[in-house]
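Before we start, here is the structure in question, set down as structure tokens.
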Amino acid sequence: MSIDARTPKMGPETTAIAEVDAKETLFARLARTQWLQILIVLIAIVAVFSVMAPDTFPHWGNVRLIIQNASILAVLAVGITFVIITSGIDLSIGSVLVFSGVAAAIAMRTIGGDGWGTAIVGIVVSIAAGLFWGFFNGFVIAKLKVPPLIVTLGTMGIALGLAQILTGGVDIREVPEVLTNSIGYGNVFGTIPIISVIALVVIVIGAIVLHRTRFGLHTYAVGSNEESARRVGVKVDRRLIAVYALTGGLAGLAGIMSLAQFSTTAIAGQTETNLNVITAVVIGGTSLFGGIGTIIGSIVGLFIPAVLQNGFVILGVQPFWQQVAVGAVLIVAVYVDQVRRAQASRGGDVSVWKHLFARRRG
Amino acid sequence: MSIDARTPKMGPETTAIAEVDAKETLFARLARTQWLQILIVLIAIVAVFSVMAPDTFPHWGNVRLIIQNASILAVLAVGITFVIITSGIDLSIGSVLVFSGVAAAIAMRTIGGDGWGTAIVGIVVSIAAGLFWGFFNGFVIAKLKVPPLIVTLGTMGIALGLAQILTGGVDIREVPEVLTNSIGYGNVFGTIPIISVIALVVIVIGAIVLHRTRFGLHTYAVGSNEESARRVGVKVDRRLIAVYALTGGLAGLAGIMSLAQFSTTAIAGQTETNLNVITAVVIGGTSLFGGIGTIIGSIVGLFIPAVLQNGFVILGVQPFWQQVAVGAVLIVAVYVDQVRRAQASRGGDVSVWKHLFARRRG
Amino acid sequence: MTTPILKARGLNRQFGHVRALDDADFEVYPGEVTALIGDNGAGKSTLVKALSGNLAVDSGTIEFEGRPIDLSTPAAASELGMETVHQDLALAPHLNPVQNMYLGREVMRSGLAGALGFMNDGEMRRQSRRAFDDLGATVRSMTSQVGSMSGGQRQAIAIARAVHWAKKLVFLDEPTAALGVRQTKNVLDLIRRVSDTGIAVVFISHSMPHVIDVADRVQVLRLGHRVATLDAEKTSMEELVGLMTGANVGDAAA
Amino acid sequence: MTTPILKARGLNRQFGHVRALDDADFEVYPGEVTALIGDNGAGKSTLVKALSGNLAVDSGTIEFEGRPIDLSTPAAASELGMETVHQDLALAPHLNPVQNMYLGREVMRSGLAGALGFMNDGEMRRQSRRAFDDLGATVRSMTSQVGSMSGGQRQAIAIARAVHWAKKLVFLDEPTAALGVRQTKNVLDLIRRVSDTGIAVVFISHSMPHVIDVADRVQVLRLGHRVATLDAEKTSMEELVGLMTGANVGDAAA
Amino acid sequence: SSGDGGSGGDSGGSGGSGDGDYSLAFVQGVAGDEFYISMQCGIEAKAEELGVSVKTQGAKQFDPALQKPLVDSVVASSPDALLIAATDQSAMQAPIEAAANSGIEVVLVDTTVEDPSFAASAIASDNYGGGEAAFEAIEEAHPEGGKVLVVSIDPGITTSDARAEGFEAAVAENDKFESVGIEYSHNQPDEAARIVTAALQRDKDLVGIFAANLFAAEGTATGVQQAGRDDVTVVGFDAGPAQVEQLRDGIVQALVAQEPASIGEQAVEQAVAALNGEDTTAEIQTGFTVITQDNIDGEGGEAVYQSSC
């Protein structure tokens, strides 16, 4: 028999636990801020464009417009982050946005008037319409167990079809001026778009709800293992319905924002919206298999394609080449993010290049 | 102490095993034919339209056209079924189809001539181009661990962008007549479209490979639990690359089929293809989470929206309402399928209505 | 004999062609430790799932404290005061031990913050650590994902959770399978302590020494049917094994 | 002493802040049963993963039959003749027992059909049934999904698989945890039989009686570091438990 | 082709006084569309002639939600003039007006906005008239009358809506013809083919189909061919090289050609005039030509869009 001379330094396990957890606060924070990795990628992209187009790209006027144009998508991305964390998907947001805008426009036209009274009715109708579709999605998914892809694809067709029926296929362009002047193109402090402030409020509230409240915790639990969550008494069906309703409601809010911004219901538009938003969420590190994700990651993920497009246009890259470049940078960005995450969780220092040529394991 | 008088009738376990397995052959077959459920849904839809439009809908002329129009999508659906069974996704097939068609068209234009020689070069180039993109997808997904959604989204943009660059965005319409006359519009037995025969061959081979060969088994294993498959020595990376390459190759084949059918590269015209095909595969019972699915299910899943659309147009349903109706029937069809599957696996006789109002469990 | 706290009669459940429960009876008495034993695939876990609202049976009745009940959800079982440690532990792999411990029963902050859904994380962490220490569990980090933990660590979390919440009855489906020697001893002690407070325990295990050690009553399941109910003090390992496998008593020994 | 078939020196592996392997050594001798024991979270499974090509270590060396090797994939380990039963069984839940048994090593049909990728299903089914029967496994259906089977049934499939394929060394990480009494006995017998054929067995278990019963040599892991190597015949349960928990020898008993 | 590689973008903002070095930006309604590519050709040809540089951008879909960010980015690169095909008259009003307010000369091409007063010029295509002309082509081929169908893109797209509207209005005025409605192809040729084959089953006496854009026409032609109904007259919109080949092949019987190249040329002229402080024409209406096999080698041929530039 041989007993190793070097017995571990630690005492009984409970001491070891305490020790580990004391060190942990910092580590836990680092782990929770894995979106930092993708933020670094974004910063790198911004830096490259700033060097290549120093006179135009990095100026506030340009940055402001990038932010303004991302605002509506950001509101949608908050909802979709919740949905994907539950391991679901929602393809209907573009159509729900259009439907909500149409419903609001019709309501406002019916009431008439150009003041805040009318506008508020529009806002309420739009959000209510979105909530309705979201609730419908959630109900069919949670209670009737139809896969989210099918349900929301069905809703996508139904909501858009109904929007077309309501308008007869002709866009409504009567939007109260107070809406366009405030939400649409208003600013606070003279230069910060109100539409972006609204988005920021949604992002902050969304992040608090997801990361700090019981509802958020249950969202992760459902996506992590639906069966387990159900077994320990999480009201999975209710949570799912709430998550889809929330997403629908945010699509409704986005609907009125879009109406204010574009002064038209744009029923033929929004065809790329769901793919763009889902892409942003996945770039931001949310897993399509559920249980993982952050709001802030999704927002960073939204800006990567937005900044790329803006930068390429400013540099005058041809549209055909832009598609190629955006596609390629997307893959590279997410790849770099993956490698950096793996390093962070390991504490190792394997470089991207080493990883590329090393064989995969563990 | 109490010993129950009624001791089980069976002897040692091994006997029980043998007994169960004897019964099983039939059951196993039934289980494996769960796509029967969705086929029944399709038949029901066909029956309804046949009753409502007896003079037009059920006639061979119409059925033939539905089949012909589904042929290209069917070839794509075979590949996507493999991909989704591995728990992956491929959004690039539409773009790869276009790129392959463009590559083939350019090759054939360069060679010139209208005969089979030129056509065969076109076919080979198209499939090779598809294989290339599929291989690229597979490599990045398997080796660099970038999520399939991001990779294939990137490829979608890159392949389409390159197709546009190659053509300057202007469709090429010079397709050898032998192609249009054979693959495009030729018939066997005077009435069965050659394009559908090609699709059928792909379907049959695809089904045999998936359900009968080691490659198919490994496809399921990778999707069922990638980690487990890797641990027991399945060459997961190679299988993934092969699956994506296969899918790309089939998209290449679809590219030349599309060229033959439409006599144009239709560069911007495949934006809905990936969603249509993925929808078909999911309707057919393949789980987006991997490990489950059949080729035949996907094909049946392809015909449900196709038949719905055809039927609604024939019935003269207004276009706006068509979208609504297709969306609604889609949800209902998959819901009914779910309930029937649950019954089948249980051996129970719970009706759809009972299920709808019962609370969910086990 | 007192009335059983839980009584099941004639439970049947079929999976495809496998009859997992075949006219099974079962009962649990308050304050007792009832061991449920049986060969692999005998239907023990299926029975536990059925009795804890996790699985619908094809036929059969369940009574709780003398009243027939409809156990359609796990939440319904929890409300009656029943908790379960499942064999495939019901943990959310992406959440940490504390979050798993309190999942579905979070301690909320007081006042408005609580009403808004904010949780009292500190309180939950403290309570969880106490519960894990009680078990001597070697959970080395309270903020790592449970999915990355060792088999024994995960099992300890599941046990701590169930015991913490049980009011009247706790099902433990092979709770010690992955546990170390010391942790196993702690769990067996805990079972005794819990049942001393009047809570009924259903204990599933393949370890006959543990069964005989800790149980008051042993029920034997074979091919989905309960074939025997025995007094733990008056039985032997040989008899139990014989009943489980269907061999004659004394024929097979561990 | 003969040369070890497998020898690891100074293995380290960190997960975030948890040091799962802390300068760990390990060796296995041909034809011997080596028990690897340790408290929950001691790093046993991590060590097995590292030695079977399932996990990259941060530092350390591994020698197989005296030659340093790079175990970068599970396939590399298989090629060397090593098989593993992991604690979280490496089964594909959607496949049936036969498919799992032969996954990655399918028996192909002869001739062209085989070259085209067609498998000899009948042969694989027959062989699988024989292997399961050997273990006395109660796998009740050869065509159901493994994911729907009981814990013991799944474990039996994993064991049958590993033993069937091992040429030189088999790792068994808590193989009997979910097994019934009879199946456990069969597995212990099987371990002896396997090691008699010259194949080395690494056996991880928390059941000290089983360890002492079946092992030739016992290695004790504590907090990621090997703290002792003992001759199974000359040790006692008390000593093992003391080494595992870090308490003084004789201080803690099972 | 369009990126001239030079330092065009940095010529010192707006108001460059010399003739030579203006930088123009052209924003298409949608990238990869032959109509806009032909327009781009016209623009580039004229730009080269006048010695100014031009860069072209276009979004993936005809969708204001996608076009607005693009326009904002183009404006950020501060070209001297912006030539733009607005995707929506209301939605694009504000962003384009903002460009004009920042000192960029704006020329609206193809489509217009609600209040184009800020623009140096608005050169509009007559889509409504094009729709009417399409019907005349069908009328000519089938003087006996019958049922007609429109295959459009999506409801809400202003240009194709106007074409369909013009067509339907013309049908309504002739009681020998009956419209069976508008179907939408979502800009997918295969979708158009499916719809047309089904519609031909429903209305076996259909005599003419108006396909409101290129892909609708390609799909329609395929569908008609699949159904073996070469008696049906297909009229397409636009006359890119691809469509012309369809016409020569007899798949399509008539094409309504707009004048994209000429729009582009005039747009550059107007823009440069505005930059030079010369007079501009506020509104220019361009016409269209109906091309058939009879006139393809004559006057019709001249209306065919340029394909290479």
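Per-chain residue numbering starts at 1, and chain names A, B, C, D and E are given in the order in which the chains are listed.
Everything that follows uses one rule, which is that a residue touches a chain if its C-beta (ideal position, glycine included) is under 8 Å from a C-beta of that chain, and two chains touch if they have at least 3 such contacts.
This structure is a prediction, so every number in the text was calculated from the model and none was measured.
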Chain whose mean Cα position lies farthest from chain C: E
Far-end chain from chain D, centres as C-alpha averages: E
B-E compared against A-C, more contacting pairs: B-E
Chain C-chain D separation of Cα centroids, rounded to whole Å: 28
Inter-centroid spacing, chain D versus chain B (mean Cα positions, whole Å): 40
Rounded Å distance, chain C centre to chain E centre (Cα mean): 71
In chain C, residues with contacts to at least two other chains: 15-18, 39, 54, 73, 138-141
Chain E, residues touching no fewer than two other chains: 31-32, 61, 155
For chain B, residues that touch 2 or more chains besides their own: 13, 16, 20, 24, 27, 31, 164, 169, 271, 320, 360
In the complex with chain E, residue positions of chain A that touch it: 53, 55-57, 59, 61-62, 65-66, 68-69, 72, 164, 167, 169-171, 173, 175, 180, 184-185, 258, 261-273, 306, 309-310, 313-314, 316-320, 323
Chain C partner contacts - residues on chain D that touch it in the complex: 15-18, 38-42, 45, 87-88, 137-141, 144, 148-153, 156, 174, 177-185, 206-208, 241, 244-245, 252, 254
Of chain B, residues touching chain A in the complex: 87, 89, 91, 140, 143-147, 149-151, 153-158, 160-162, 164-165, 169, 237, 271, 275, 278-279, 282-283, 287-289, 320-328, 330-331, 334-335, 338, 356, 360
Chain A-facing residues of chain E, complex: 2-3, 8-10, 28, 31-32, 55-58, 60-66, 68-70, 72-78, 88-91, 93-94, 114, 153-157, 161
In the complex with chain B, residue positions of chain D that touch it: 52, 54, 73-75, 78, 84, 86, 89-95, 99-100, 103-106, 108, 116-119, 129, 132-133, 136, 138-143, 147, 161
